[in-house]
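Down below are the structures I want you to see.
Two complexes follow with chain A in common, the first pairing it with chain B and the second with chain C.
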Partner chain A sequence: MQATESVIYNRAGQRVVSPEYLLFEAPRTKHFMTGSEAVKEAVRRASVDASVSYPITPQSEAAHLIGELWVEGYVGVYFRGESEFGVMSEIAGCAMAGARTITTTSGPGTLRAFENFPMWAGTRIPVQLVLMARGVNSPLSIQPDNLEVGFLLDTGCMIWYAENAQDLFDMILAGFVVAEQPDVHVPVITVVDGFFVSHTREAIMLPPDDIALPPYNPYRAPMPVIDAEVPPGRFLRDPFVMKSNYISYATHASWQWEVRSAIERSRPYAKRYLKGLIEEFGDPSAELVFVACGTAAAQAKEAVRLLEDEGIKARVVKLKTIRPFPVEELKGAVKNAKYIFVPEFNVVGWLEREVRRYLYGHSDAEVIGSPRVAGGMTMPAEVIVQEVLKLTGKEVKHVL
Partner chain B sequence: MATLGPSGFSPYPVAVYEGVLNPPPGKALMFNEIVDEELAMREAARAMLTRANPTIFPGPQVLYAWNEEAREKAKLVKRIAQVLGAKIIPMYDYRPKYPKIDPAVEINPNHPNLTIWHNRIKACIFVGVHCHYANVALKIIRAETDCFTIAMCGMAGHEDAMITLRDQHVEEMERFIKVAEEVKKELGK
Partner chain C sequence: MSYKIYEINEDLLDVMPQEIRDLQFRATWGNPKRGVMDLPYSKELIEEHSLCAGCPESMALRYILASLPSPEDTIIVNSTGCTSLVFPHIALHTVHSLFGNQNAVASGIKRVLEWRFPDKVKDVVVLAGDGATVDIGLDCTLQSFFRQEKITTICFDNEVYANTGGQESGLTVKGHVFKMAPKGKQWDKVPFWQIAIDSGCHYVARLTVSSPKRVETVIKKAIYVAREVGPTYVHLYTPCILEIGLNSDDGLDEMRQRDKERFAFFEYVSDAAKEVIERKKEEGLL
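On to the complex of A and B.
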């Protein structure tokens, strides 16, 4: 039991507990559910004020399940947007008015809403977007592919990447806590691979559903909340008019750097609530390292086990956050590496680019952007093993 | 606080990109060092008492009586101004002023340097300014002026200020007044 002087309850009648208690101390029980259902269970415990959805399908049923939470009284406001762009705009309105907000999207819907993401960051709203990555390439795909994450990297939003339903559940709760810190206060995009995680069932450990995060306090925000009744809020967040003069340019420059500074300030909070920005798996002495996130990290772990049978030591560095990028953690984790494989679920290799960028001049390892699958293809562990065996010149025994 | 001058492609310094983060709770930031709050308060008071045209820039959170703490803080801001012999120039609004701000009577986060230039301000305190706007303004001031900036913040602080005092509420501001009175006495003022 959390030590508190007085017991506080949220609108749903749940006992409000500290983030530390909810994430690390509360007893947990095992459940068997999909990633979408894990989203629902996280939102149930997050004292969410508002959620907006667009009835896209088959993205996932996460948004629909949040609607069920509204019916049950766990979410304050829930409505349907006119389009994906409408959803992301309306989410912004809810957040500017002081609400803790969450929505979900994927694939082409992400691109249709895209203008809103840098706007979210620039207006310093701590909204959460659960992105069930699904690909954006033509011909239209509804299959798992995380190309859209590459497009989102420089929107000014934090980007966290969950490997499985358990990660997703914990990241959604931690995401609100970190994003709402007054010196951070930028959106968090919690990414998970569509279908692989959103639609499949797995075991997940959940704390009781009668406890929840403390409600959001918008009066700690770094911009005035739009509140027509309370004086500071009467001063709307008018943008500086984009006049062609040095003052406008200068303000915009300072503003943009401030948004990116806010992401950097999230590092210590994210380290605390995610228990580190990376996770390492496998033999620490291995010179062959997989750097990956999401499902690719899960498959790389399987590949490490298969490689053990081949007598090859390998390990995985799973990146939990992409923005902020765990630069120092990665440098430390690969300091003895000779080969760094970056397996990915997209055609462009955006994570390989990130790894090369941040390790440039800091690692002598050869970075290999492989294997890479896209458009809905799976990445069997054997495919990863095959790439490694090709490099080492060993015979490929596994039949695909 | 960042090194004076451009940071990367930005015309302005950005402390975070030089590895300077806000101080932990209970501590203060002085230039790029984490120090005891008492020491930072003393140096802040000294800067205000020894530099030309010291000025306090109160923001909306202490200018408007939107809660009881704001009322109390507003009284303390006036008291601090008296002790430090400082002017008060408000930042009552965050909207940019076109065609031209009146720099004698107000400051704006989008072009704070105009007010500092006009009044030849060499030391200032930001108090009650929402954090985002304080951060935008402090980067500009650092690059465009030679003003010594002090952030008296109710939240986590501002690493782009030269001195950052974080979690400053009524009790802390009262303590600052006591420290300022001591420093003033030491300086024989």
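On to the complex of A and C.
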């Protein structure tokens, strides 16, 4: 914030600063904390109006910590809902009434809430869901597995994927900024892998906690806020909804297109506030490329280091956003690739499908959906290396 | 007071449709004493409706909208069904969200409006059918009562899923034959008014909409009590004349008959609610 500007405080008494200052310029100090605690620290600095919670492992701790922020006065409205279906509807109500709103869930909770996600997008509410991915039933599992993200891809929500606690902290703040742009104004789902990030302590750089994002201004929204302070959005003699006529069909279809277009319009904002939709790691000339997100990207980076010992050059393209999908960035990043490995924490390989779909006709590289682990299995860097050596016909030297 | 949002820009007055101009000049805003007796003389907050001719639910909607003590600060939340066909015709802030999540959405709206406007009263009223309230939405309905959300829940009980073509609901009477109950319903009608009392509602009423004035009194009591005390519940019989094989002009007679039996007027008032109702009577608002 420049010295000439007058100082503004939010309702929690924090000094309001620009998103650019909070994300890129404010001095940061080093802390050691879990991903769940990083959620708390992001929410503390985000001028959040409302949050609704429900218990499910592994996101419960993050939800508890948002409750602590409510007690401390950083969050305006907070309570425990009856189920994820109820919670996501309550969250929708909060956002419709003009609140900056956040919630968290995992695995079976995501599936129970599912009817709400396309409704959020269709209602054009910029809510944020922090998704700590976990296996879905059956059989019962509480372990990390990101199958649920594959289900969410076409709900009309933006989907971002954080690799670690630092990413998560920065993405939560950037998520509100991007989602609330009047020409975007769709929900953002910020994903991390449960346990690997939520429960693991790591070093994280945080700006001071006496500054925060500018509060949400609901009157910039493209839809009328439901607060009886602005004229209502609909008062029609002849409602188009549910009429069996062409206008009705065209209205529904064009609205769905508009939601997808809104996600497309988020690209320049996401590029700015995430510093690019992808992150590249390793030797730019390498023919062996890992395309990954989240913990799989972190493990692939370790594998790149091990492969160096094997005399093989490799690199990682980490996708920070899945919706919008970083099409042009990925095409550019795999220009020289001969092999593209897509390591994933789920059995279906939804990211491999996405990579194949967007690179079809644009890359001669062989796309290999491997290694793939699920149900809580870890993905040691050594396993990635073994898989790479086996599938590319190279001899295993050091790794066993 | 936000009824100013209905004031039209002077330069546009001559091109605005009559019904929009009527909203500014002939509707009853800012008058808590408004009621069903205004219906013939003022602009209604509901435009033409798209329900069947003679549908008692359309009567219920007109009486309710005429009775809201503060329509300019009222948010209405609904669910999917016959009622959702009417919502685009209502001149207030209305929300249609999903199937059965109306009380959850209303909870979020009410809490945020209290936080955003601590010095104003914003009424949140839920209007939904029996399927939405008691079957698919039962969880959200009851949980909002348990949490003591300050919202008014109004159930249009037509004892059937009407909009989907006449299937048995939890509020269908035992023995009645509908689709999905081809041998007749095997279990009793859910006494939801009683469940609402046991679940923490402070004002509960069960009635038909045969008497407009009585509907007005009940709606006003329910909204005033919800403002100050906690959840309130109104159970209205609005028969689906189509599904029970009646003519368009039979709805009123059907309700008058049920007034004497399973929809005999019933009212529950908690001690805290009594105090509010007495005070509003003294203020001449009831």
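The definition used in the following text is that the second predicted complex is superposed on the first by the 373 of 400 C-alpha atoms of A that agree within 3 Å, B and C clash if a C-alpha of one lies under 4 Å from a C-alpha of the other, contacts with A are read in each partner's own complex, and residues count from 1 in each chain.
By definition in this document, contacts are C-beta pairs under 8 Å (C-beta built on N, C-alpha and C of every residue); 3 or more make two chains touch, one makes a residue touch a chain.
None of these values were measured; they are calculated from a predicted model.
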Chain B versus chain C as contact partner of A:119, first or second or both or neither: second
Chain B versus chain C as contact partner of A:261, first or second or both or neither: first
Partner chain in contact with A:68 - chain B first, chain C second, else both or neither: neither
Chain B versus chain C as contact partner of A:247, first or second or both or neither: first
Partner chain(s) touched by A:221 [first = chain B, second = chain C, both, neither]: first
Partner chain(s) touched by A:280 [first = chain B, second = chain C, both, neither]: neither
First (chain B), second (chain C), both or neither touched by A:308: neither
Where chain A meets both chain C and chain B, residue numbers: 224, 230-232, 235, 237, 241
Chain B residues touching chain A - in the complex, by the definition given at the top: 7, 10-12, 14-17, 21-22, 60-61, 64-66, 93-96, 98, 109-111, 130-133, 135-137, 139-140, 155-157, 159
Chain A to chain C touching residues, read off their complex: 49-50, 52, 76-77, 79, 81-83, 85-87, 89-99, 115-116, 119, 123, 224, 226-232, 234-237, 239, 241-242
Chain A partner contacts - residues on chain C that touch it in the complex: 2, 5-6, 19-20, 23, 47-48, 50, 72-75, 77, 84-85, 87-95, 97-99, 101, 104-113, 115-117, 122, 139-140, 143, 147
Footprint of chain B on chain A - complex, ascending: 124, 181-183, 185, 220-224, 230-232, 235, 237-238, 240-241, 243, 247-248, 250-251, 253-258, 260-261, 264-265, 267-268
